[in-house]
Amino acid sequence: MSEAPFGRRLLEVTGNDELGAYRVLRVLDPQMCGPRGATPEPGQFAMIAAAEHWGGGEQQRPYLPRAFSIARLAGEECHFLLEDVGPGTRRLCELRAGDRLWVLGPLGRGFQLGGREPDQRRALLVGGGVGIAPLAILQDTLDRDTTVLLGFRDRARAAGAALLRDAHVASDDGSVGHHGLVTELLAAELERDPHAVVYACGPAAMLEGVRAICEQRATPAQLALEAGMACGFGACFGCVVARRDGGYLRVCVDGPVVDAAELEHVDAHAGAPA
Amino acid sequence: MRMRERRREPAIYAKRGDSVSIEFCGLTLAHPIINGSGTFDAIAAQRVFGAQLHERFPFAAYVSKTITLEPRAGNPPPRLWETPAGLINSIGLPNKGLERYLAEDLPALAELPVPLITNVMGASAEELSILLDACDARAEIAAIELNVSCPNVKTGLDIGADPVQLEEVMRAVRPCTGKPLIVKLTPNTADVGACALGAERGGADALSLINTLRATALAPRARRAPVGDSAPRDAAAAWLGGGTGGLSGPAIRAVALAQVAAVATRVTIPVIGMGGVQSVSHAQDLLDLGATLVAVGTESFRDPAAAARIAEGLHEMATRRG
Amino acid sequence: MRMRERRREPAIYAKRGDSVSIEFCGLTLAHPIINGSGTFDAIAAQRVFGAQLHERFPFAAYVSKTITLEPRAGNPPPRLWETPAGLINSIGLPNKGLERYLAEDLPALAELPVPLITNVMGASAEELSILLDACDARAEIAAIELNVSCPNVKTGLDIGADPVQLEEVMRAVRPCTGKPLIVKLTPNTADVGACALGAERGGADALSLINTLRATALAPRARRAPVGDSAPRDAAAAWLGGGTGGLSGPAIRAVALAQVAAVATRVTIPVIGMGGVQSVSHAQDLLDLGATLVAVGTESFRDPAAAARIAEGLHEMATRRG
Amino acid sequence: MSEAPFGRRLLEVTGNDELGAYRVLRVLDPQMCGPRGATPEPGQFAMIAAAEHWGGGEQQRPYLPRAFSIARLAGEECHFLLEDVGPGTRRLCELRAGDRLWVLGPLGRGFQLGGREPDQRRALLVGGGVGIAPLAILQDTLDRDTTVLLGFRDRARAAGAALLRDAHVASDDGSVGHHGLVTELLAAELERDPHAVVYACGPAAMLEGVRAICEQRATPAQLALEAGMACGFGACFGCVVARRDGGYLRVCVDGPVVDAAELEHVDAHAGAPA
């Protein structure tokens, strides 16, 4: 887990590009990216708020910053993948080059690479919806044989698959690729290569599917969880999910990436927007 | 050693070299800004921010999360709900329990560059006595804060919600420790000034307020049974795993100002003011109303360095003045 | 005639032609939205908006501003302070006094297209009895709301802040009138559920909550003596002419939800929920928690037609359902 | 007092032009202006809020709408003169053509023309700072001999005088016109023509000066007051100023224009931003 600079920092937006139903927000962040940067681990995230016009309006929200996976590092730019699901993401989707935003990070525990599983085993990257974000930087980082399986609700969202290379796509409505769930693609892959290891991020239902499949086959799996967060650095104890062995873990510091074995099941609140 | 400070004279800013220090219950603090209990986990923050945290530690004293006799897992999720300019938390006071706190956390907290205030909660004078005795015995603990927003096992009413009950409990537990004893009042009461007076009569060395306002939220309609279904709706609609929670942040600042003013005019012991503080001017407002220290809580979630920014701002104002 | 309604069964929406009507204490209301006392002056609004006001009158019943026995001028200005997502008012209950209210305002209010609820306040059972007797004698008044956020001349404590005191006062004044008697509870208390029960035991036909949260504000620094001057600061810094005031608006909605939930689960009489309601979904939340009616207050300041918008939205939902 | 449509209405900004230290916000409002409009009286005002990004940010304000004098009617356009003195006015100063805003009005009691004073008496229009706004529409309306006296803090603000025709200007810093107070110009004018009548709007101190001078000379004077407002239509009882004969009047419905004789003195809170 690479350290974050202490305190939020004011950064400038370099671009905000449409990608199907999503947007890719690009931010100039020399402290986190580039040669002199802290170079975050794949799976780490940042807490983000627009510097201007954050909150107010009829809903009087957002008030707190929002959590976003680091999707990619490009030179001194950091990329985030956004889906508009509420007032905070809507505001961030509005940002344009030159606008400023507050960023805290990199935060959390990312994917553990040279971990339990020997590096030569094939890596299956399984993502759903906007949850594909951390898999992009993971793919950039992994120098070994990887297979990418992504699931989306519809065609507009499936366009997000362009964020990764050589992705096999499934869609709920059959508009793109396999008509069905990405977990079906996963099961098939594991049939073909029972020795593969899994890195997954996506909606709770998908993560639970991945967890169950991998548990049944004793396949090592790391799941990037989500949870409503207030702080992102362990201060509020608000972002918990239940541990298998009782008690709770804080997604922001004990995760967001956890070993699937740590969970009895993936809670309905612990996933990305479906 | 106990020290009494009259609020009429505004908090004394004694220039010490380049720093603005302040006396509080016999402790000498570098500045008047501390954290609200449960809003900053110094141990976790150290893992996240590394050495920089100590280099620019935001608080003049560090207040621990509330510790109870037995370990608590806390409430099931969801634990958070964002409100207009505020936050409801329903954390449920998760903690390791007294024993493991003293064994595992105290050594790490003793390494912090500032004095440690341990916040404890108990459901009876008996329970509180055990907690106070144990804290009294540990040199690493500079002062103790009593979170009295806890239902009295006997009366069912929050210990801090009634002046008479609060004074009784304080009289019973005060002898347990010679360390400065701070009572963290509950704002969910009819007359907080009377409760403050009860705490002072019972032997409190200082008071802190405000804690969070009782609040709740219903799940977004998209996430619950359709409106008009026959099932009991409130049950179906609750968002927080704990059912209800506490409101904090800018939304409650105006209530905090009123309660701190009401308390500071009633008691002679020092007051720690908090509630929605986001800026130097918010902190200054509380000091102007008679608070000796100001605690930053929810604002630290938006920026872990918020309290440092505020302390530095107050320091600038003071040095410009002095 | 008094009618008891159990909260477990959600408010009944009886389709009457094109309108959604509701039963409340024997009154038949066109929809569940009314105004919060003191947040809409129907007589002034008529001068400002003319005939259109009656054509699209926003409220299913109209609640008057609080009336006292003697005339009150109210507090000196400033009376308002805007807070994060909220408003502090320190109006001080200006009113013409009972006599002139009955003589001058009642005839005009009787012209409104909806039933009239007169809100009254008194500092003792004696004072309240006079107010209730006078209202009981006037056919123009359909129901009476008791604002018990008033210090008891004898105890000094707000009449509504203590369950026992509230029950006593209610028992004393209940016999004064056969009209529906609504008690407007104070939110500034330790256990609002207990106060609600006290009011019910004392004979209340319905309860309304929440009233504003005690709050205050200091003048912007630019407008007061420089910080650090020796003069007592709190005095120098007060913004509101009345010293303190009451907080309303979205900032308090989460507190309102918690208090309405606590009350609705404790009593069997109908509840009028209010506090920060801005939209159909906010109103629906309160109905889901067991409220029979919902009052719109501060939101009417942002848009005088806000309550009409909400009532129309509820009507749409109901007719889509039914 | 002309009636306001019931309920706030969503209108479109047609322009927002710099005028020295001020801005002139132009809004398309057929219901209030133009042939079919309610044609407000000079001195009436509107409650205004931006439709997007009203509130939030570090201050979490504004929450309520803000009161602005109707400065001028031009076809179906209504003009407002803005001075940035806080979060609400700052936001309104940001608005550009095409942006939308909520408007309630026309509100309040305007200047009473053919009132007590016979129409042929000369009208002295006395304004200070942004308080000159209602005098512009008043000048447009008055078809008789008028003299305009305006006071400003400095040159940048004095540029606002262009809003009216043939204005005699005073400035606190002497950068433009008479070096001193506009009340000095008023006293001189009343020396010359003791039969003139006065219509004034501006900072509390200026209004108090006008009131005192006119009281002393028994000159009829109408003062357009200001006060912090929550509603603008008599609902909140928040906008009061003390009456001479005891009690308070509500600036939004009993004013904003009041006969100077109704006041003992002009309260420090009852004027325009200085």
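First chain written, first letter: the chains are A, B, C and D, and each begins at residue 1.
We adopt the following convention: a residue touches a chain if its C-beta (ideal position, glycine included) is under 8 Å from a C-beta of that chain, and two chains touch if they have at least 3 such contacts.
For clarity, every value in this text was computed on a predicted model and none was experimentally measured.
Using CA-based centroids throughout, the chain positioned farthest away from subunit A is D. Computed from the mean C-alpha positions, the centre of subunit C lies at a distance of 34 Å from the centre of subunit D. Centroids of subunit A and subunit D (each the mean of its C-alpha atoms) stand 54 Å apart. Centre-to-centre separation between subunit B and subunit C, using Cα means, comes to 33 Å.
Counting partners per residue, subunit B has 83-86, 249-250 as the residues that reach two or more other chains. Taken residue by residue, subunit A touches two or more other chains at 55, 60, 63, whereas all remaining positions touch fewer.
The touch graph of these protein chains is complete, with an edge between every pair of chains. Those residues of subunit D whose C-beta lies close enough to touch subunit A in the complex are 52-57, 60, 63. Only residues 8, 10, 81, 83-86, 88, 157-158, 161-162, 188-191, 213-218, 221, 227-228, 232-234, 237, 244, 247, 249-255, 257-259, 261, 264-265, 276, 281, 284-285, 288-290, 317-318, 321 of subunit B touch subunit C when the two sit together in their complex. Listing the residues of subunit B that touch subunit A in their complex gives 38-41, 44-45, 47-50, 52-53, 55-56, 65, 73-74, 76-80, 82-87, 89, 91, 94, 249-250, 298, 300-305, 308-309.
Subunit B meets subunit D in the complex at residues 85, 250, 278-279. For subunit A in complex with subunit C, the residues that touch the partner chain are 58, 60.
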